Structures are given as C-alpha cells and as structure tokens.
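Both complexes shown next keep chain A, but they swap its partner, so chain B is in the first and chain C is in the second.
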Partner chain A sequence: MSVTAWSELLFSGLITGAIYALVALGLNLQYGLMRILNIAHGEFLMLGAYLTWFAAVQLGWSPLLMVPLAFVGLTALGLAIHWLCFRRLTATSPNLDVFEARGLMVAFGLMFLIQNLVSWIWGGDLRGYDFLTEPVKVAGGQFAGNKLLIFALSLLFCGAMIALMRMTLLGKGVRALMQSPLGAQLVGINVRRLHPLMFGIGLGLSGIAGALLSMAYTISPSVGEPYTITALIVITLGGFGSMGGALAGGLMLGIVEALGMHFTNPSLKALLSYCVFIAVLLLRPRGLFARA
Partner chain B sequence: MNDRQLLVRDLLVLLALTGWALALPGIASDFVIAMALTCLMYVALSTSWTLFCGATRYLSLATSAFFGIGAYTTAVALEHLPWVATIALGSGIAALTAVVMGLAVLHLRGTYFAVLTFGMAELIRHAISYFEKSVSGTVGRVLTVVPELQTIYLTVLVLAVGTVGLSIWLRRTRFGLALVGIGADEQRAQTLGVDTRRVKVIGFALTAAVAGAVGAAMAVRWTYIDPHTAFNPFIGFQTVLIALIGGVATLWGPLLAAIVFSVLAETLRLQAPQVYMMTLGLLLILCVLYLPGGLASLRWSTFQGWRRDMAGWWKARRHEWSGDKEREKQRARRQRVLGA
Partner chain C sequence: MPNTRRRRLLQSAAALGAAGAAPWVHAQPAPIRVGYAIARTGPWTGGAQVSQEPNYLMWAEQQNAAGGLDVKGTRRRIELVSSDDRSDVETCVRTYEKLMGSDKVDLVLPPWGSNANFAVAPLANRMQYPFLAPTALSRKLVEMKLPYFFLLLQQPAPMTTAVVEMLKASGAKTVAVVYVDDLFGLENYAAFKVALQGSGIQMVEDKSYPGGVKDLSPVLRSMKDKNPDAFVGFTYPPDTILASRQSKEIGFNPKFFYASVGTAFPLYRNVMTAQGAEGVLGMGSWNAKTSPAAKAYFDAHAKRFEGKEPDRWASGHCWAGLEILTSAVKQVGLDRKAIRDYIAGTTHKTIIGDVKFTGSENTATPGTVGQWQKGEFEVVWPPKVATAALMPAKPAW
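What follows is the complex of A and B.
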C-alpha cells in the first residue's frame, strides 16, 4: 500500500475517532461525576442530528448555525431531565450502588422514549442532505470537505471541554467532586448546581456530535445505539472519569476500526469493537492508561 | 402468615392459574391463545430472571443471548431430533454458555456486570450472524416441520409453571438463601461459608437454562429465523423491564407485570408500535422513580404516601407563592442583624 493510501486510511479512522471521542466525553462526564450510566446518550446524538437535518432541509438554515443551537437546546433538555428524574433519584436512593442501578433503568426508559418519539414524528426512513461535499486536497490525500470540517470541529470541542476541565474554577470543582464527593462539598462546592449543569453539558456535547454527524452521514432513528456502545467502549478504554483518556481512546478506536475493516471485512466491524470492549473490561477494567 | 401458610397460598394460586391456562385453548380464539402464549413466555423469562438477578442484585442483560441460543438450536436441530429433545438441547447449550460467561464475568459487580453481559450478548449475536453469512452462506433458516399450536402452548405452559414452581421451591432451600445472602452482602455471605462463586455460576446457568428452553419452544412460532430476530435485544430488555416493574424481590410481581404487558403489547403494538414503546419507557421511568419496589409492593399505604407527598409539595408551593417564605426570610435576617 502506498503512503497516500495509508494516510487516507488512518485519517478516515481519525475522523470517526474524533466523533467517538466527542460522544464519549459527554458520557464520561456523566458517569465519572454522577455515576449515571446514560445508556440513552446515543439517542441524544440522534436527536441533535435530526434537529440539524430538520433545520437544514425544512427551514433552510445552515448546519453550521445548528451546531451551537443543538448544544444549547440539548443542554436545556439535559437540565430538564436531570430536574425531573435524577434529582428525585438522588434524594430517594439509599446508596450509590442502588442509585447506579436505578439510573441505568431510567436511562433505558429514556432510550425507548426518545428513539420512538423521533421515529413517530419523522418516520423510520434514512435522512440526509448535502453539505460541503466537494473533495479537498490535503497533504497528498483527497478528503470530503464536510468530513474535514467534522474532524476539525470535533477536535476543537473536545479540546475546549478538556480546557474547561483543566483550567477553569468550574472544572476544578468538577474534578474535586470526582475525586471525593464529600470533601468537595465540605469546601463549599455546590453539588445541586454542578450536577445538573454537567449532565446538561454532557447531553449538549452529544448534540454537537449529532449535528456534525448529520453533515456527512445519513441518519435514521436507530443511528444512536451503536454510538452509545462505542462511547461505552471508549470510556472503558480511557478509564471511567478520565477526559484525556476518552479523547485518546476515541481516536484509537477509530483507527483500530478503520484498519480492522480494511484488512478483514466491513461486516466484522461490530464484532471487532465488542471484542476490544470485552477484552479491555476483563483484562484492564480500570482503563488502558490507568497506573496500577 | 407463617412460612407454611405462605407456601400453601403460593401453591394454591399457582394451581388455580395453571387450571385457567390449561382450560384456555378449549374456550378461546386463536388470537387469545397467541396472546396467552406471549404472556406465558414472559412469565417464564422474567420469573427465571428474578430467580438469580432479583435475589443477588446482579443486573444481567444477557437474556436475549440465551433466548436466541435456544431459538437457534431449534432452527438447526428440529429436523433431526424430537420436540422435547430439541428443547432440552437448547436449554443445555444456553446453560453451558452461561457457565462459561459466568466464570468470566461474575466477579464484576454493578454497572460493569450489566454492561458486560449486554456486550457479550451482542457479541454472540454478531458472531453468529457473521458465521451464518460467511461459513454457512445463508442469512437465516426456514423451519419446515413445526408442531401444532396446542403442543407449543402446552410446552410453554409447562415451562412457565415449572419456573414459578422452581422459584417457590428455591426460596426455601439453602441455595436460595445463599443467593439472597449474596444480594444483601456478598462478603458477609462468603465469610459465613457460602461458596459464592459456585452459587452465582449455578444460579446464572439456571436462568439461562430456562431462557434457552423458552427460546427453543418459541422459535417455531416464527417460520423463518435469522440471527436478528432470534437474538432480538428487545426480548431481553422487556424481560428485565417486566421483572423490574413487577418487583425483583417478589414471586408474583413479575407474573403480574408479564400479564399486564403482554395484553398491552398485543393490543397497542399492532396499531401504534412507537406509542407502545414510548409508554413502556415512560412506565419504566415512573416505576423506578415512584415505585422502586415494583408493582407487587403496591399497597393502599403507597397511595396514601403519594397523596401525602403531593399535599406536602402543594403546601410548599403555596407557602412560596403567597410570599410567606420571603417574608419569613426577611424577618429572620432582621432578627439576626438586631441580635448582632
């Protein structure tokens, strides 16, 4: 294989990997901070994608405009869901284990609710639109413009999220809560404000991912589920609660998938990611990058 | 009621229900029998699920895998084996898979276990569909000789009654107590001399055996079987939902919920499948939030509790909206200033 083909293959892996990372960051935020394993996370991605598609096709808005709008809309939705469901769940659960199990069930309920709501409103057909489809030449290889844009924006938002966590007081508060919930509350970090906000931001990130996804791929109501699974795989790869780990894990999984699909068989893609997932969970349950 | 009276009550209820179910094919139409069949299937599945997962609080999402293994066994073996042997074979293969899976993952708890079982179920599904596509060269299999509806109905009835009976019996044995002990505190159970690993693997295999047998028996209802219908994750989800909504720690809760759900499913799903699924999701959320013990924990006092909660909430809102809350705050602030 020539250098160009190699770089194109690796780059296509990185593009999907960047979206995986973006989705996984949101899920990781929710699980690492609040122990909510949001199995409905991919459905919010699908919702963001449908909103973008709707705005682009029916209203004629630019998909780029929908990126911040999807973020704001889904953050608001996340705040509402947290206020309606998880606030009560936190108050009534006797301990964290019970909360985790119940939270998982609530998320399953949300998954059914959202997936079927979307397919009820917009039907189960494949949807898509054209946006920046001309190929662009970069470093000897040819790439579709929309995919390059997706890659750049995904990395940008991942970077912004990681910077938010590392550099601001808000991020410091969140990291403190992850390290020791009790200690953080003792020094005056307000859980009641941070938990809903972070849940909302997590959904907002998946909304962005959905908006970006709809620019290059066709969407259907069942598009979210594989992304939930992939996000789970990515956060187990990177370690629960680790932001940098999620970014590295996402990019890595993207490349592994691209290489695996090229050298074996496209229908093996799902099989491959599940194998990676189970192997990591069984052998290194604390993540690839965790220090023993 | 003491222990003995409870046993007698449970057995009598089971006997009465069995009688009704036996009489049903004689008096009802084919549609009702089909509905009852779905109902019995979910009774067996969710009761067997609570047998292990309810007692030990290990949330397994692998039911669809065991069900699918059973169904696939039927698809492959029914031509060469008699009906009962096929079901036994499906059940056995599912149990064997569960033993292997259990040895690998049962040391993990909580969310890890749930996610891993789900991942393994999906892995099995994808592996089989890949195998079919590339090695056997088919997408699915057609069942040519199928037993009559009566036979299927009786088989599933026997399985359901057997599972409930097993559940009644198991609650009174050392093994059942060990399972509950693991759910309450695994380390304590270990300290008290329970071989937790063995107990967990056997319990998991029991669940899988029932799911496999039900899958093997129900497979003949579809004349065409491909991995995506046999390993439909929705069957696993719905089993878990029924068990949770019914009440995982109870005997009759899953049965009650299974009946409610099959009626709901058969009536709503054909007209408006999405509305059915949305109702399912909403019910699940409401149930987890407001009725964590499940339907079987519903008592008159539960309603009173809800009414008290509502009244308290409404009182707090009135207190806030009338401005009393703000005034009280100001008064307290003024007193603090005066006192200082």
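What follows is the complex of A and C.
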C-alpha cells in the first residue's frame, strides 16, 4: 500500500472518529457529571439532523447556519427536559443509584417519544440533501468537502469543550462535582444551576453532531440508536467523565474500524469494535486515560 | 305512570328509528377488511414508506372513491386494518397472527422486505391467505413452494443475469462487488457469481458489509486501486447512497456503477442531484413510459402524495399486485382458495406488463437494469423492455 493510500485510510478513520468523539462528549458530560445514562442521546442527534435537513430543504437555509441554531435549540430543549424530568427525579430519589436507575427509565421513554414524534412529523422516509459533496484534495488524498468540514468542526467543538472544562471557573466547578459531589457542594458550587446547564450543553453537542451528520449521510428516525451505542463504547474507552479521553477514544475507534474494514471485511466492523471494548474493560477497566 | 309512558315512547321511537335505518343497513354491504403490518418506524421504514404503504393507501382510496372493491359485481368499501411492525420480525409475525387468526380479516397485504416476508409467508400459507409480496427477493422463498405465496419482483437469478448480460454486451472485463450480509445480499451475490461463470468477466474484489454501515470508503478505496470496469453493489437504500457519495468523494469512477435497492428511488436523484446520478445503474423495471397505465399510476401517485413520485422498481410491482388482487376479487369474490387459484392460473395484465406465476415466482417479468439519464430512471436492459438506450460509460461523478 502506498503512503497516500495509508494516509487516506487513516484520515477517513479520523473523520469517523471525530464524529464519534463529538457524540460521546455530550453523553460523557451527562453521565460523568450527573450519572444520567441518556440512552436517548442518539435521538437528540437525530432531532438535530432533522431540524437541519428541514431548514436546508424546506426553508432553503444553509446547513452551516443550523450548526449554532441546533446547538441553541437542543440546549434549550435540554434545559426544559431537565426541569421537567430530572430535577424532580433528583429531588425524589433516595440515593444516586436509585436516581441512575430511574434516569435510565426516563431516558428510554424519551427515546421512544422523540423517535415517534419525528416519525409523526416528518414520516419514516429516508431524507437527505446535497451539500459540499465535491471532492477536495488534501495532502495527496481526496475527501468530500462536507467530510472535511465535519472533521474540522467536530474537532473544534471537542477542543472548545475540553478548554471549557480545563480553563474556566465553570469547568472547574463541573470537574469538582465529578470528583466529589458532596465536597463541591460544601464549597458553594451550585448544583441546581450546573446540572441543568450541563445536561443542556450535552444535548446541544448532540444537536451539533446531528446537524453535521445530516450534511454527509441520509437520515431516518432510526438513525440515532447506533450512535448511542458507539458513544457508550467511546466513553468506556476514554474513561467516564474524561473529555480528553472521549476525544482520544473516538478517534481511536474510528481508526480501528477503518483499518479493520480495509484489511478484513466491513462485516467484521462490530466484532473489531467490541474486541477493543472488551480488551479495554479487561486490561484498563477505568478507561484508557484514567489515572490509576 | 309517567315513567312507563316515557319508556314506551322511547321504545317506540327506537323501533321506528331502527325500522327507518334498516333499509339503509341492508343497502350498505359490510366493508371488506384488509389487514397488514408495515414498518412506520425503524430501519425498514425508508423502503416500506416509499415502495409499499403509499400504494396500499392509494389503492383503498381509489377503490372506495369508485364505491368500493368490486366483489363479483357488488361494490364493498375497503377498510384497512393496519399497524406498525416497528421493523421487527417478531412484531410483524404476531400482528399477522392476530389479523388472520383472531380478527379474521377478509384479505391481507404483505409486509416490507425479504426478511419479514420470509417470516410471515409460511403463516399466511397455513391460514390460506393469498399473499402477493411486492418487496421480497429470495430464491429460498421460491423453494419453499408455498401455494398461497406469490413474489412480484424479479428474483436474484434473472436480475443478476440481466446485469451480467448488460456488462458483457458493453465489453466490461472486470467487476468489484459489495453486498449487505443478509438474506438479500447473500442470495444476490451468490446468483451474481453463478451468472458470471463463462461470461469472461473477472471478479477482482468482493466484500460484504453489515446493514446500517456508516463508512464504506476503506473498501471503495481498495476497489479503486484495482480499477475495475464495473462496480456492483447489492445494497439497501442508505448504503446505496453512502456507496455513491463515497465513490464520488474518493474519485472512484468505474464505467459501470450499479447499486441495488434505493437507486430507483426519487430520493437518489434528489440527494445525488440529477447530474451526479447521471449514468448510475440499478435495480429498476418500469417508469411512466412503460405503458399508458404506468403513466396514469405515476401521475396519480405524484398527485395523491403531493409530488412524491413512486420508485421505479418495487412501487410498480406493488401496484401490479394490487391490480391482480382487485381483478381476482372481481372474478371470484372473497373465497381465498378461489383467489389463490385465479392468481396462480392466470396471465395478468398489469402496469409493469404481463405477470404470470410459475409456482411462487413471477416468470413473465424479465430481469431488468435501470439507469439514471437526465433526471429519469430509465429501463435500459434488456432492449425489448427498454425505455431508453443504455449509456455505455458513466460520466465521472
């Protein structure tokens, strides 16, 4: 295989991986911080994708414009959902384990609700549109313009999220809450504000991921579920609550899949992903990037 | 007593009302209940809601607008009893068990896809419900020899033979193949390999992939390196579009680019643009030029569903199946054994041409190949049913 072929293969893996990372970041924020295992995460991604498709095809808006709008819209939806469902659960659950179990049930409900709502509004047909599909030559390789855009924006938002966590007081508060919820509250970190905000930002990130995905892939109401599963694998690889870990885990999974599909068979993709997953669980159960 | 008087008065009124309504009740024969389960959610939805359910709805509406389905000269309204199978085989089977076993509907219409039909066909056969499947493609279904089961689509052998004949006639020497690793993909791949034997066309690469795949570029890149004359994909709609987009992305430009389910969907042209779709080959067997009846169906569909066109493959076969069912009920009534015998023993005139069943298989419709040309999916092979001449080399994406 030539150097160009290798670089094309690795880069296509990185593009897929960057999307995985972006999806996983939102879920990681929700689970790592609040222990909300949001099984409906992929459905919010699907919702973001549908909103973008609708704006692009029916209203003639640029899909790029929908990236910030999907973030704002989904964040607002996240705040509303937290206020309606999870705030009450937090108040009524006797401990964190019960909250986690109840939260999982709520997330299942949300999954069915959103999937059926989208089916009801837009029907079950496959949807898609043409946006930046012309190939662009990069470093000897050739990639669709929309894929490069997705890659760049995914990395940008992942980077922004990591910077937010590391460099701001808000991020410090979130990390403190992840390390010791009780201790953080004792030093005056306001959980009632931080939890809904982070839940909203988590959904906002899935909205961005959906908006980006709709540029390159066809969408249907069932498109979200596989992303939830992939995101769960990625955050397990990277370590719960670790933003940098989710980014590295996502990119790694993308590369493993691309190489695996090239040298074996795409049918073995799931097998390869799960082999990596099981190996990490056996050898580094707290995630590849967790400190011992 | 006032109460007794009032009761008598009410009883009299009720009796009068019933007497008045009685002739009307007799004048309106009971509706025909037609049951089906179809995907409205889940991964099968894309196919089911393009090729199948819109036709069921339009058929019932058209028949009811004419006063109902003609049952040996008596018009009876159609009442559709339908539900979402959630793209789940078990839900699908249970729904048909209920429809045929406890609801005892008069007729059933099939679900979407080879897998669901594979699961439901034996049940329908046992319950003796004629089953005219518009979206099932499997040799195994034919080999099951179910007397009540009829397949409207051309099966893997004629479809893949048509592709090979077309490639051979156009001078292709090498081909690369991808196929989805389920019943549909495996059977078509196997039939394609058989059809290739003795054709002089060499298969330089073959790879399977799982349904719902998100990236085929690693496979397409290795195919591009081998520079085949033709690419053949036994693919489902999302993968058909994925393979096309990613081929464009990496500059994979074989002279013949053939993909399967979904190529004939108007969505394909919308997503790839008419220029991008130009020259792409796929499974398709009719369009509005095939016959005046096909044109009438095409126009009615686009009008009923606000501009949504039927796809140029299974939609036409689905409508042909409904035409056959309509004609069977008109000729023999609702006796299901008689309907089955009528379907099995008649050459049917439909919008896609003659349909005749040998066992379960429609052997009158030849294997065909379609191609996007100037925004329309034309039938290009075999020449005797072609609506346009084959464009022998696809322009670059």
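Following the convention adopted for this analysis, the second predicted complex is superposed on the first by the 286 of 292 C-alpha atoms of A that agree within 3 Å, B and C clash if a C-alpha of one lies under 4 Å from a C-alpha of the other, contacts with A are read in each partner's own complex, and residues count from 1 in each chain.
Everything below uses one rule, namely that a residue touches a chain if its C-beta (ideal position, glycine included) is under 8 Å from a C-beta of that chain, and two chains touch if they have at least 3 such contacts.
Note that the structure is predicted; figures quoted are calculated from it, not measured.
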| item | value |
| --- | --- |
| Touched partner set for A:37, first chain B, second chain C, both or neither | first |
| Which superposed partner A:101 touches (first chain B, second chain C, both, neither) | first |
| Which of chain B and chain C A:115 touches, first, second, both or neither | both |
| First (chain B), second (chain C), both or neither touched by A:62 | neither |
| Touching partner for A:232 - first (chain B), second (chain C), both, neither | first |
| Which superposed partner A:274 touches (first chain B, second chain C, both, neither) | first |
| Chain B and chain C footprints on chain A, overlapping residues | 115-116, 119, 265, 267, 270 |
| Chain C to chain A touching residues, read off their complex | 39-43, 45-46, 48-50, 87, 178, 181, 207-210, 212-219, 221-222, 225, 237-238, 241-242, 245-246, 248-251, 262, 265, 267, 270-273, 276 |
| Of all residues in chain B, those that touch chain A in their complex | 57, 59, 104-105, 108-112, 114-116, 119-120, 122-123, 126-127, 130, 133-134, 237, 241, 244, 273-275, 277-278, 280-285, 288-289, 292 |
| Touching residues (chain side chain A, partner chain B) in the complex | 35, 37, 85, 88-89, 92, 97, 100-102, 104-106, 108-113, 115-117, 119-120, 229, 232, 265, 267-268, 270-271, 274-275, 277-278, 281-282, 285 |
| Residues on chain A engaged by chain C in the complex (per definition of touch) | 5, 8-9, 12-13, 16, 115-116, 119, 123-130, 133, 135, 142-144, 147, 216-218, 220-222, 226, 257-259, 261-262, 265-267, 269-270 |
